[in-house]
Amino acid sequence: MLKLTNINKTFGDHHALKDINVTFNEHATTVILGPSGSGKSTLLRSLNFLEQPESGLYDFDGTILDLNKPVADKDIFRIRRETEMVFQNYNLFPHLTIVKNITEGPVQVLKQNKATATEKAHELLAKVGLAGNENKFPSQLSGGQAQRVAIARSLAMDPKYILLDEPTSALDPELELEVLKVLVEIAKEKRSMIIVTHNMAFAQKIADKIIFVENGEILFDGSKETFFHSDNQRINDFISAMTFTDI
Amino acid sequence: GCANGGKNATGKDTNYKSELVKRGSLTIGLEGTFAPYSYRDNGKLTGFEVELGQDIAKKIGVKPVFVPTKWDSLIAGLGSGRYDVILNNINKTPQRAKVYAFADPYIYSRYVLISRSDEKGLKTLASIKGKKLVEGTGTDNFNVATKYGATVVPNGDFPTALGLIRQDRVAATINSREAFLAYAKSNPTSDLKYVDLSKTLAPTAVQPMLNKQSPKLLAKVSAAIKELRQDGTLTKLSEKYFGSDITKAN
Amino acid sequence: MQNVLQYLPQLLGAAFKYTIPIAVISFVIGIVIALITALIRISNKRGVMLVVKAIFRFYVWIFRTTPLLVQLFIVYFGLPYLKIAGIAPDGIKLVPFTAGILTFSLNTGAYCSETIRAAIIAIPKGQWEAASTLGMTRRQALQRIILPQALRTSVPPLANSFISLVKDTSLAASITIIELFEVSQQIAAANFQPLLMYSLVALIYAVFCTVLTFIQGYLEKITSRYTIA
Amino acid sequence: MQNVLQYLPQLLGAAFKYTIPIAVISFVIGIVIALITALIRISNKRGVMLVVKAIFRFYVWIFRTTPLLVQLFIVYFGLPYLKIAGIAPDGIKLVPFTAGILTFSLNTGAYCSETIRAAIIAIPKGQWEAASTLGMTRRQALQRIILPQALRTSVPPLANSFISLVKDTSLAASITIIELFEVSQQIAAANFQPLLMYSLVALIYAVFCTVLTFIQGYLEKITSRYTIA
Amino acid sequence: MLKLTNINKTFGDHHALKDINVTFNEHATTVILGPSGSGKSTLLRSLNFLEQPESGLYDFDGTILDLNKPVADKDIFRIRRETEMVFQNYNLFPHLTIVKNITEGPVQVLKQNKATATEKAHELLAKVGLAGNENKFPSQLSGGQAQRVAIARSLAMDPKYILLDEPTSALDPELELEVLKVLVEIAKEKRSMIIVTHNMAFAQKIADKIIFVENGEILFDGSKETFFHSDNQRINDFISAMTFTDI
């Protein structure tokens, strides 16, 4: 279980996260929604210490880190091993082949045997529908393929939580569909995922829980049924903007 | 004669050896790019000053080591203890004598004024006033040309200097007669002429230059040159490289 | 023509004995210095590191803004005056080859450190983040992810520095190293044909530098199997 | 100390009379040559243009792979031997200053043409397309859209070339120009303190080059109001 | 009227446009749909000579160009003055202010007086909802703002046809909405627009006519009503993939 208590994060003058309290359950898919600039990425990146909040408590499975004080490097590394981030623009390593992209973390960080890691990488590539592309370089892939490799790379670390920040918003709808289908499969395995997305159809399909962020605050935290049939005007406006029903 | 002189110069006292840059060797700095003083022939460093250096080293009983480099580097290197002696057609001047020591002369250089053969105006030293002369930076020629009111254009390389004269880019150069004669041995010079300036300008003594911190070595080198002069080696070398004896004061 | 060819062995001898070894050794050491300098200058550590960074900043500044010839002079002729009690009571007196290698390495290191620093800074932040999220330390990220990409983009400017270095080795004559250019001048002193000798030397430099550009092309090709995202 | 200061007027005199004017004029002309060369080399015209392109390619190659000193020598001492009936029956004989400016300009032009060419190629294709779709001719697109952006990204490498040029002007002494470095050598020949003189000269170069890096910083700042898309 | 007859375009081995015949009417909005790589962009770019087909006839208001022969520069320039392209990634000129971006074409190409062009630029910026941003640089704008400037830039040339190639696919849904609303306004003025898009809701709203391209061929050319209620299986599959109804 991953729990944030009274988290605050500012960028200069800008208060990006305002006293956030939220819990992310294990074996469930949490979808974070909200308008652009509301703080979704900041929230997600704080979970992985790519951003460091100035205050609050970070509770990972009962180990509690006090963010008011500098966090020790070893705590950060421990948490990063248990959480993997999938980025909007994939951030594959362009100088490594696909299979090396996937084995780099297990071999270098988890000190896995190279052969074992490679075997696992092949399995994962098959799982995301990319068997046979092992020795290509990232530049030879379409966006949808690259993002599926990035997902495989994060799975290879066998993390407790996979964090995904708009994993498909750089993609054409058809390529987006490829990736979303893979994510739906992973969700079925009851892994713990936290996804930021703008795709309402996908959110509705995959979410166990929805968090709606606006202006650095959590306006909604509950089930998708409640969210998509809300009588909150702000939430309804947001949904109709996202689905272009009010062009 | 020869054997005796050698013994004298080597002598009993070996104190000078502690003044050497490199044990058992006489390190000699020279430019290596000025025939016939020092230059490269068939892949080997040779020339009047090179053979002279070998003979001096032999007299004082050490091995000669030649270090060719640029003019500035010769001066700087002597100061920071890179060479024992510089044999590079250097004249003693009061200013130089303040900083470095000079051993006995081995050449008495006669100045000539070299110009195109169709050049009418340049007959005496006085006539160079206001004219453009090409001279190597740091050479005595440079100082003389400046002193007599010429506009000096710098260039260290003798054949290039002659090229500038031929291309009518400068009027003349003051140089040693020997350098010109050596050049004339293997190159056509019918388009050039020279005026001997030895009547107005006393021949200058070319001397080895040493560090002030090595007085014993200085004495040794001077003694060696004295012996080489007496045993006729200097004259022989001069005939070989310059075609005449230029090692005598007059 | 055969007139010219007779000088080739001497010239090539000097090239292979001094010019090329000095250029190659200095370049290799220079790259190492450049790498260290670049890494120190991009480091975000505080405390004593700030002083170290200032020192390296000064090093790069001084070697970039003063003439190489002066640098050679000061290392070879100036250091002997630097008498440090206990360590070097008689001053630091380097043999010409060492002084040359040291100066050329430091000079190349200063220039190339800027190239490498710029290349590291240009690597997208996402690459650092992707490495962090896998749990890599800063050192691992640098070694495995950032530097391989940065070196790839710095091949062309580094090759330029190498080519410049090859030609700059001619300055080694001023610290008594009889390299290619000096030999050509010594020969010219005897055959009185400086123009001819210079052209011959230019040709040798051109051939060597052209070989280097081919190597550069090859390196660019093998490292461009991927394109930077 | 006052010992040293007494030489400053002479040194600065030479710097302002030769070193700086030669560097500045050659750089300006060099940039123009570089621009023309870059434009010709990226042109996609066929026919006779292919020959012109090959000529410019050769020009860049020869000036990049041979030592600058040799280039100066050949232009100053070699061209007089080049007798062209009708045009220059007595050979091409340039005064030292002109020969210097010509050679330094051509050398800088060769190096900078590569910088500018790379910068033009790096401008995204979309910028060309956006200009075309507005109906601009290739020439208009270059002038108004591509070059302003390319020049902005080439400020740092061009500044580097300028700094190198400033230091390389010391080679002008070999074609009889009494610039800063030569003056210091002449003084050293008299006072026999080359090390001191060299350090003094290095300081003057360092000051001038540092001024140039400040100008570079200023140019980068005013042109970076926008960031390249 | 803009009419293509038997147009062919190949890239190396790849036959990107296969014997295309199509007419684009004036004062109407034509939407081009189709899967990724089908040839939509190639078709659109051919209209503006950013790509040059190898064969076929190009008929612009009765002036017919034979593409089998090299087309004269002056014909290309004439057609480019009457057609403006709006690109997916805006391609604003980063070194010019917003207002200069808009006046550059009118002043340099149409030789308009600078004052007139600037006045017009202010009007157009107001129209796309960006009054007050005249002196900003493109890098200071959000994606949605940048694309609206690009639209204003094309309107400033007063072209007969505006061509838009996925004008919103680089944008977040909220920013996309801003741009789509501007395009709906322009469509209402009965300008001639040809738009490639992946947004089905937008296509349905704006199209007077739909062209469906697949594999370099035109599979459908007709009204939006027919298209969205087609009984063609391929078209229905495409629509449901684009609207994520089959994740």
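A few points about this structure:
Letters A, B, C, D and E mark the chains in the order given here, with residues in each chain numbered from 1 onward.
Methods note: a residue touches a chain if its C-beta (ideal position, glycine included) is under 8 Å from a C-beta of that chain, and two chains touch if they have at least 3 such contacts.
These are the chains along with the protein names UniProt gives them: A, E = L-cystine import ATP-binding protein TcyC; C, D = L-cystine transport system permease protein TcyB.
Since this is a predicted model, take the numbers as computed values, not measurements.
The chains in contact with chain D and with chain E alike: there are none.
Distance between Cα centroids is largest for the pairing of chain A with B.
With angles rounded to a multiple of 5, the C-alpha fit of chain C against chain D returns 180 degrees of rotation.
Most remote chain with respect to chain E, judged by CA-atom centres, is B. Distance from the chain C centre to the chain E centre is 52 Å, each centre being the mean of its Cα atoms.
Rounded to whole angstrom, the centroid-to-centroid distance between chain B and chain D, based on C-alpha atoms, equals 39 Å. We define each chain's centre as the mean of its Cα atoms; on that basis chain A and chain B are separated by 82 Å. In chain A, there is no position where the chain touches two or more neighbouring chains simultaneously. The multi-chain contact residues of chain B, meaning those touching 2 or more other chains, are 72-73, 76, 79-80, 160, 163. The set of chain D residues that touch two or more partner chains comprises 77, 194-195, 198. Per the contact rule defined earlier, chains pair up in contact as A-C, A-E, B-C, B-D, C-D, D-E. Looking at the complex, you find that chain B touches chain D at residues 71-73, 75-76, 79-80, 95-96, 99-100, 134, 137-139, 142, 153-155, 160, 163-164, 167-170.
Only residues 61-62, 64-71, 73-74, 77-78, 81, 118, 156, 163, 167, 170, 181, 194-195, 198-199, 201-203, 205-206, 209-210, 213 of chain C touch chain D when the two sit together in their complex.
By the touch criterion stated above, chain B contacts chain C in their complex at residues 29, 32-35, 38-41, 43, 45, 67-70, 72-73, 76-77, 79-82, 157-160, 163, 183, 186-187. Residue ranges of chain D in contact with chain B, taken from their complex: 77, 80, 91, 93, 96, 173-174, 176, 178, 182, 185-186, 188-195, 198. Taken in their complex, chain A has these residues touching chain C: 48-50, 77, 80-81, 83-85, 87, 89-95, 104-105, 108-110, 137-139, 153-154, 157.
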